[in-house]
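One chain, chain A, links the two complexes that follow: it is found with chain B in the first and with chain C in the second.
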Partner chain A sequence: MDIKELLNEILLKDKAFIHLPFGNGKYDIYESVVVTWIIMAIVLVALLILTHGFKVHNISKRQAAVEAFVVWVRKMVGDMLGEEAAGYTDYIVTVLIFLGVSNMSGLLGFIPPTMDINVTAALALMSIVLVEAAGIHHKGTKGWLKSFIQPMVVVAPMNIMELAIKPLSLCMRLFGNIIGATVIMELLKHVLPFALPVPFSVYFDMFDGLIQAYVFVFLTSLYIKEAVE
Partner chain B sequence: MLEFSAINIGCTIANLLILYAIFRIFLFKRVDKILLQRKEEVDEATKAADLATQQALSTKKEYEERIALADEEKEQILADIKKQGYDEYDRIVSDAKKKGEQIIVEAKHNAEVENERAKEVYAAQLTDMVIDAAAKIAATKHSSADDKELYDKFINEAGVDNE
Partner chain C sequence: MDFTALGAAIAVFTGLGAGLGIGMATSKATDAVARQPEADGKILKLLVLGCALAEATAIYGFVIAIMILFS
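Showing the complex of A and B:
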């Protein structure tokens, strides 16, 4: 199997999971959405177990770990967002955890939802809506419109183009990295099905997945920070 | 997989919002609730500690004021006692002086009385001796030598008696 065939298999495979009897396949639900539902269910169950019976005093190790994680991740994201945009921390943390779990879902035998461009597009769309909403909320509609001619009027077309470029770059970067990692892993499996894929899987499924989640969140935070300044 | 599907993008956005709600309700709010309760307890403890510190400072100030007042009272009492002591001393000295002067006056008076009495005794003795001498002269025949002898005898006797 050459690379072209492999890419065709990965990219052009029919990913429709739930076929609806109307719309001629237009309204079919993709596997990525179903995997996202499974991830959501797993996360919900995990949260219910982890946050059950929280106490103020004499806390368990589980509670201490959860509290420490929440404080740490909020601080990390809060530092990226800055003081003025601190209100968006919880949403960004949600995206970070979702991306982290999604990118690593390959370890559980699922196809990572982020391998579907619709998922990364939805994430990027949400990010850019949040960025512009934050800008309007903090600067007012007038201030937000004025920001397009900053620092000078000449750059206004580029600033307007950025409205599309930013989400597109976010979407493509995440999708490209995850699909790239998957292609490399498939190639490695074809080269040597035993032993060799294991260390690479640790890198591509775990380390790279978390890095890409961090990069997506970092850039979104940066855009929000810029929008509110 | 490279086709954009509005329904799947919409589903993913809905999923993301639901996931955000799940995280808010089952993680952030629960952790925040515990952290807030803990913070309230710490704030209360801090407030109580501040109150205790203020009370301690107030008590210390009151104590210092009392000490200052007691010092003033002590000084006043000492001054009063000193004054009383000096007054008593002056009174005793004055009384002793008066008593001494009175004793001296009395002693002088007694001495004068004694002196007068002695003088009267001497005078009486002298008179007796003169009478005695006169009686002896009258009783005996006498010459100028006898007179001289009598005079000398009288003078000697008078001298011995006066010593």
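Showing the complex of A and C:
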């Protein structure tokens, strides 16, 4: 059956995009890394264009829109983090924008970098390191160690297991959602390449991608808030 | 006989729990908004979080089904 071949092609194809000679062998650069570079370039250029020529008085419509957007995003993330952890807003906003753009990069015909499990694993590891670092920073090493036996000593194994479960679930949730959306979109394109994929693309590429980006940063900020309390 | 596809199908049964969970959460959220329309922002936030957590089980099932089929 050719559907199986199609799935094989999506899921099992060689992800290496650029082969650099390195020592005796090759150093592979994955397609997700190359798409991430493209996304970085797009975001940087968009930022340079949007923030060009800002003034204090007589602001242009573009500046007003950008400022409203920045204030809105920072307020949304700041509310999620709470007052004590407000210093982590910038990191969370950065991750939110990166994830939002990369989840929607399927619209431009790229393979979303978040479809590579290595990317989501790296982001989840960054999140958990930040969470624990925030805990150590705010409570001190002793307080951080003490937080493992709260509220009771009995739950200590659960709290230690959470160190591994939190990043695993963050990583798998994002990866599974994006790969599921991409597989369904490829199947739909296979069934009828004309008109049919459009409404589904709006849902799977835009809505689902943005929701997953939001959920990722929401959970990260929830963990940070929990860690600093 | 090859039972690989059957195993994947059983793994996808996790979607049952996720569907029930999200349905219940949404019905309660609708109730809550009908009772207190001014609290809809907070309720939406909690609903999205709950749905994301409930949905995770379905996603795990899906990932495992793919792992069964393609490895």
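The definition used in the following text is that the second predicted complex is superposed on the first by the 216 of 229 C-alpha atoms of A that agree within 3 Å, B and C clash if a C-alpha of one lies under 4 Å from a C-alpha of the other, contacts with A are read in each partner's own complex, and residues count from 1 in each chain.
We adopt the following convention: contacts are C-beta pairs under 8 Å (C-beta built on N, C-alpha and C of every residue); 3 or more make two chains touch, one makes a residue touch a chain.
Bear in mind the structure is a predicted one, so any value in this text is a computation, not a measurement.
Peer 1: Looking at the combined model built on chain A, do chain B and chain C fit side by side or clash?
Peer 2: In the superposition, chain B and chain C stay clear of each other.
Peer 1: Touch test for A:Met126: chain B only (first), chain C only (second), both, or neither?
Peer 2: A:Met126 sits against chain B, while chain C stays out of touch.
Peer 1: Once the shared chain is lined up, is A:Leu222 touching chain B (first), chain C (second), both, or neither of them?
Peer 2: second
Peer 1: Comparing chain C with chain B, which touches more residues belonging to chain A?
Peer 2: B
Peer 1: For A:Thr141, using the defined touch cut-off, is the partner it touches chain B, chain C, both, or neither? Pick first, second, both or neither.
Peer 2: A:Thr141 contacts neither chain B nor chain C.
Peer 1: Put chain A at the vertex: what angle do the Cα centres of chain B and chain C make there, to the nearest 10 degrees?
Peer 2: 100
Peer 1: Considering only touches as defined above, state whether A:Leu11 meets chain B (first), chain C (second), both or neither.
Peer 2: After superposing on A, A:Leu11 lies in contact with both chain B and chain C.
Peer 1: According to the stated criteria, A:Ile29 is in contact with first (chain B), second (chain C), both, or neither; which is it?
Peer 2: After superposing on A, A:Ile29 lies in contact with chain B but is clear of chain C.
Peer 1: Considering only touches as defined above, state whether A:Asn159 meets chain B (first), chain C (second), both or neither.
Peer 2: In the superposition, A:Asn159 contacts neither chain B nor chain C.
Peer 1: For A:Gly180 in the superposed arrangement: first (chain B), second (chain C), both or neither?
Peer 2: second
Peer 1: Rounded to the nearest angstrom, what is the minimum C-alpha distance from chain B to chain C in the superposition?
Peer 2: Least C-alpha distance after superposition: 9 Å.
Peer 1: Chain A residues touched by both chain B and chain C?
Peer 2: 11-12
Peer 1: Would you tell me which residues of chain A are touching chain B in their complex?
Peer 2: Touch residues, chain A against chain B: 10-13, 15, 26-30, 32-33, 36-37, 40, 43-44, 47-48, 50-51, 54-56, 63, 66-67, 70-71, 90-91, 93-95, 97-98, 113, 115-119, 121-123, 125-126.
Peer 1: Across the complex, what residues on chain A touch chain C?
Peer 2: 7-8, 11-12, 169, 172-173, 175-177, 179-180, 211, 214-215, 218-219, 222
Peer 1: Which positions of chain C touch chain A when the two form their complex?
Peer 2: So the residues of chain C in touch with chain A come to 45, 48-49, 52, 55-56, 59-60, 62-63, 66, 69-70.
Peer 1: How about chain B: which of its residues touch chain A in the complex?
Peer 2: 1-2, 4-5, 7-13, 15-16, 18-20, 22-24, 26-28, 30-31, 33-35, 37-38, 41
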